[in-house]
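Scrolling down, you'll hit the structures one after another.
Presented sequentially are two complexes of subunit A, the first with subunit B as partner and the second with subunit C.
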Partner chain A sequence: MSNLFDLLVAGLATGAIYALVAVGFTLLWQTSQTINFAQGEFVMLPAFLMLAAMHAGAPFWLAIILGILLSMILLGLAFKMLLVDPMMRHGVLPLAIATMALAIGIKEAVKQFFSAEASPFPSIVPTGDISILGHAVSLQSIGVLVVAILAVLGLTTLLNRTSLGHQMQAAAQNPTVARIIGVPVERMILLTFLINAFLVALASLLITPIYLAKFSSGEVLGQAAFIAAIVGGFNQVRGAIAGGLLIGVLDNLAAAYVSTQYRAAVPMIFLIAVILFRPQGLLGRAEERTV
Partner chain B sequence: MSAFAKPLKIALGLAVIAGLILVPMNFNRYGLFILSQWAVMSIAAMGLNLTLGYAGQVSLAQGAFVGIGAYAAAIMTTHGWPLPAAILVAITLSFAVGWVLGYPALRVQHHYLAFVTLAFSTLAFLVFRNESWLTGGIYGISNIPRPHIFGIATNKPLPFYYVCLGLLAIVSLAVWWLIRSPWGRAFMALRENPLRAQSLGIDTRRYTLMAFAIGSALGGVAGALYAPLTQYIDPVPFNLSLSLDLLMMVIVGGAGFYFGPFLGAMIAVLLPEWLRFTEGYYLMLYAVAVMLLLIWSPTGILGILDRTMAARRTKAASALRAVAKSRLETVQ
Partner chain C sequence: MKSTLLAGALLAFATATSVHAQAIKLADVAELSGGGATVGTNWKNGIDLAIEEINAKGGVLGRKLEVTHADSQSNPGVARAQVQKALDAEPYVLLGPGYSGSVKVTAPLAAEAGIAQIMGGEAAELTQAGNKFLFRTSFGQQSSMPKVAKYIHDEMKAKTVAVVWVNNDFGRGGRDVVVKELDRLGSKVVADLSTEAGQADFAADVGKIKAANPDAVFVYLNEEESARILKELKRQGVTAPLMGETTLIGQKVIELAGDAANGARGHVGLTTDAPVDLIKAFREKFSKKYNYVPDHNGLKGYLAVYMVKATTEKMGKVDPKKFADTLHGLTIKAADEPGILMDVTFSDTGDIDRQSFLVEVVEGKQVVKQVLPKVK
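Let's turn to the complex of A and B:
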């Protein structure tokens, strides 16, 4: 069963990254009804920003900080102010389409200004294996898991234990009432966009050493995060985390035990089943029906 | 005003049709290919416009139906069947699969429905790629013949462009008739207020499935034309991004407007070509253009027209009202 153990660890590591991306996805949905089809590209871009900083001569740690800051400005602030704000009141669909266009734009920009080829990316975790219970486990998997878990713990603490987090939740659940009781709703929405930008930059930092930096790498990732968010529950942060881990593990197990050809089908069939039989997601609350 | 507008509209329509027939005559091979592609994509987008724009059901699977139609046509015509037979099979197949895909729409709505159809789209792609015994797998199907119509070979780009245009005309007329029929009204009732539609005695269940099936069938028609147009198909063009592109066409053109898909397909197919002179930047500029357009008018290009017309009508009405009021006052 050593094979199963390895698969589980690798699955959890990718799943943890999916979870980070999916959490950001659900945050945007909750606070501003934004279905961000560019979320995968949002993960792809920060790695290139960091690479650009390194090409300009910055050391790796500085490049990481610059990359995260730039991501928060571009993918958080600018995304919200230039695209989401003008379109939010026109309903879900036009904005979703605009983010599809944004995804094309980001992909093409990276292809044009950086490279169409895959570039290697340094890892923040040293490579090599350590032995756990007699199994060789790659340090990278462990590192990814630890960082992702810390990030998710930090976020849930922020949301559930601090006054700021409560204000954010209030702004998401009922903006009108939140405004009446004095929550700065606009600022809270902006904050979720910044948090999303931070999460995708972090995910970028974790996943790019494994899959290389490539302009098209966002497609698969965005879709996986998408599925994770829905499977877990579109309106729940902990749902997105569970969904991410589940999809990561499922994906890895499917590759080993089902068939490599149809590995991508397993999460999809799972997704359809969840939507049909439990549309609110495994951990989600049912949305109220509006007439 | 309105007595003048109708002949004007007819004249404009005739001019566009004449232009579509006459202007491409001295186009080169590539120009004709792009224009044929526009016709094919218009058909697919028109189908999605029925499902989304008129019946209000979000589908991210239209690209998969184009794929189903294309594979049906490619497999049949390479085995010696005539294209019209292949088109009929493509329609039947897409209609049936679309009907089945409509069932989730009875349970879930909006974004959830979008995700079910998204998953279906990915599954269809995997089948195209992996079932090599049927679809040729990643190597695809090549040497797809172009049809003989009334004994005339359409191997050359120009005759085949006319085949595409002819089918576009047939589909356009059929859709025109459909949205004016009681069915079209039922679709719109479904979009505007499903509960009220049901209480008025519309079988919402059946019409939801119908909206999916008919929209998908048009995707199949587009696919059945796409295969002989490119004469070679592999799974790549029918992945999720085609479905997203088609959705973008419908929204950018104007969902729920009859002419929306034509304009949307024009922007999606022709605008990148016009921007080719910018070389590597053309898709970037295209993406920016789409975003700016949607920020400006979330209801698409025809939404702008609709609003200016509505504004003009309100203006005219208030002018009339002012005149009437002043008359009343003079009488008093």
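Let's turn to the complex of A and C:
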């Protein structure tokens, strides 16, 4: 058990990324009843946008800014206006299928225009270790964890402590009443999409130095985040965060203490158990449905 | 006027059809996307370069070579479907795939069609099943792993070894042979870790290696995963020497892993850094054409086509049914066919025998430390 601490830190760092991505699932679900099955590809794409900027000669810091801005335009604004809004009229299922098609489209486009091969990606966090409680912990893990926690804290502060956040929540909970009391619902929904795009771009920046930039890297990430969102509670931001951290840690502990061979199965088994015994997720809210 | 034009068009069509009919058709099925994209892309580019060269010099027995490329998506099921489709077009020789798992499921199809399959898979079992149509472009694990185990035991003086392998046909085959050989030599395997193809997070695996505290670590994963585990090994401060095979110290791995690749050692059947003039020339031509330095898969694809050329010229005719018979037991000398790069002999099982190299990554570059002679 001597390396339990290392496993926990590494698991929390990976889990924090899952949490960032999972939060996007819950945000979009709450505001527009959208399940975005391209969420994993949304994490993959910003890294390539940043790489493209660097190939064009931009320094890393500028590439990051450009990548985040472009992500917000493409994965926030354009995604909402060109795909979600037109498809929403036809219901949730056609929209979900459309996002699956979008995932394939993004993957194939990246493969076509960049490469099918993986590319290295610079890290915003320096390599090296620091000593915590006598354990050498990598700066990269700490950095990923800290940035992800700050992003999530920023988001929860925005949602719970600001007027803008309250308007967003009102728009999510009851758009009709929100409109009556003067909340600009459409603008709030758009803001949610932009926040999701910012979070996936941030996740991309943090995870790609470890996972490498590859057109298919969103598959694993999207799946893990989706599981995290369901496990935590699809309709609660705090649930998505808890689910992400839990899946990250569980994956590492399962690999170390159960079996590396069956590590991929452990989160799935956990997911099935949660669905069976607590369908709304660990921190989710049971929703009533009128029939 | 109209009739003249029509006659001209017919003549042009007839000429084009005739040239097309004379071309020797090769079919390539490779990992052009998915986890093996690096493997397949290098393999394909090597093939295209060789064909371009051969055709520029008049082709084989006066006939041009043509190749069709199909993407297996690094998936054995897709590979099988693509090979079936390729064989329906009755190619002269089938090239690829590169993944052992894909070779395993496609080899029976090529054998049934009586078409020789020149592939890149390294799993030991591939050529041990009695298939008379399967040929390697690289060493099988039964040839390379004993050399690896001997190096770990004799040169690294490792009494305890951690073995990390990818849980597919390629990884399992290598793991089985190396563990057996280490045991025979007296080095104890203190950690035996299977990992998944496409795995991103190696923190737990490296944690287990650290806990086992071995004298050496043998890493046998695909290229991208090799890069990820090298970074994680460095991140967690594992200082035991690292030994692998070609996939640990390939050019793409070095590019992806950066500093973390420094110090890793490996046995390679082929490397573009080999102190061999013909390989140096290949590296230069390839880099000029594709703007990057190829890994061993580029070499494998390239010499696969030259295997076709040398064998066909040995037969003096294009005969797909006799191709495999001719290649068995054939020695091709680089002096006679420079495209083969090194003197090579093919056994009755389709295995290959030639020089190989022990390589270490030093400051981001492969450095050949030893040249190992042909076995026979």
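Everything that follows uses one rule, which is that the second predicted complex is superposed on the first by the 291 of 291 C-alpha atoms of A that agree within 3 Å, B and C clash if a C-alpha of one lies under 4 Å from a C-alpha of the other, contacts with A are read in each partner's own complex, and residues count from 1 in each chain.
Just so we're on the same page, a residue touches a chain if its C-beta (ideal position, glycine included) is under 8 Å from a C-beta of that chain, and two chains touch if they have at least 3 such contacts.
Given the structure is predicted, the values throughout are model-derived calculations rather than measurements.
Undergrad: Report for A:240: first if it touches subunit B alone, second if subunit C alone, otherwise both or neither.
TA: Neither subunit B nor subunit C is touched by A:240.
Undergrad: On the A-aligned overlay, A:279 touches which partner chain: subunit B = first, subunit C = second, or both, or neither?
TA: A:279: touches subunit B, not subunit C.
Undergrad: Just checking: does A:129 make contact with subunit B only, subunit C only, both, or neither of them? Give me first, second, both or neither.
TA: second
Undergrad: After the superposition on A, what does A:112 contact: first (subunit B), second (subunit C), both or neither?
TA: So A:112 only meets subunit B here.
Undergrad: Could you say whether A:264 touches subunit B, subunit C, both of them, or neither, answering first, second, both or neither?
TA: both
Undergrad: In the overlay, answer first, second, both or neither for which of subunit B and subunit C A:104 touches.
TA: After superposing on A, A:104 lies in contact with subunit B but is clear of subunit C.
Undergrad: Between subunit B (first) and subunit C (second), which, if any, makes contact with A:10: first, second, both or neither?
TA: Second partner only, subunit C.
Undergrad: Tell me the contact category for A:226 with respect to subunit B and subunit C: first, second, both or neither.
TA: The answer is first: A:226 touches subunit B but not subunit C.
Undergrad: Taking the contacts subunit A makes with subunit B in one complex and with subunit C in the other, which residues are shared?
TA: Residues 111, 261, 264 of subunit A touch both subunit B and subunit C.
Undergrad: Where on subunit B does subunit A make contact in their complex?
TA: Residue list for subunit B touching subunit A: 58, 104, 107-108, 110-112, 115-116, 118-120, 122-123, 126, 129-130, 195, 240, 244, 247-248, 251-252, 255, 280-281, 283-284, 286-288, 290-291, 294-295, 298-299.
Undergrad: Spell out the residues on subunit A that touch subunit C in their complex, using ranges where they run on.
TA: Residues 2-3, 6-7, 10-11, 14, 111, 115-120, 127, 129, 136, 138, 140, 210-212, 214-217, 220, 251-253, 255-256, 260-261, 263-264 of subunit A touch subunit C in their complex.
Undergrad: Using the touch definition from the top, list the residues of subunit A that touch subunit B in their complex.
TA: Residues in contact with subunit B: 35, 37, 83, 86-87, 90-95, 97-98, 100-102, 104-105, 108-109, 111-112, 223, 226-227, 230, 234, 261-262, 264-265, 268-269, 271-272, 275-276, 279, 291.
Undergrad: Give the list of subunit C residues in touch with subunit A in this complex.
TA: The touching residues are 32-35, 37-38, 40-41, 167, 193-196, 198, 200-201, 203-205, 207-208, 210-211, 224, 227-228, 231, 234-237, 252, 255-256, 258-259.
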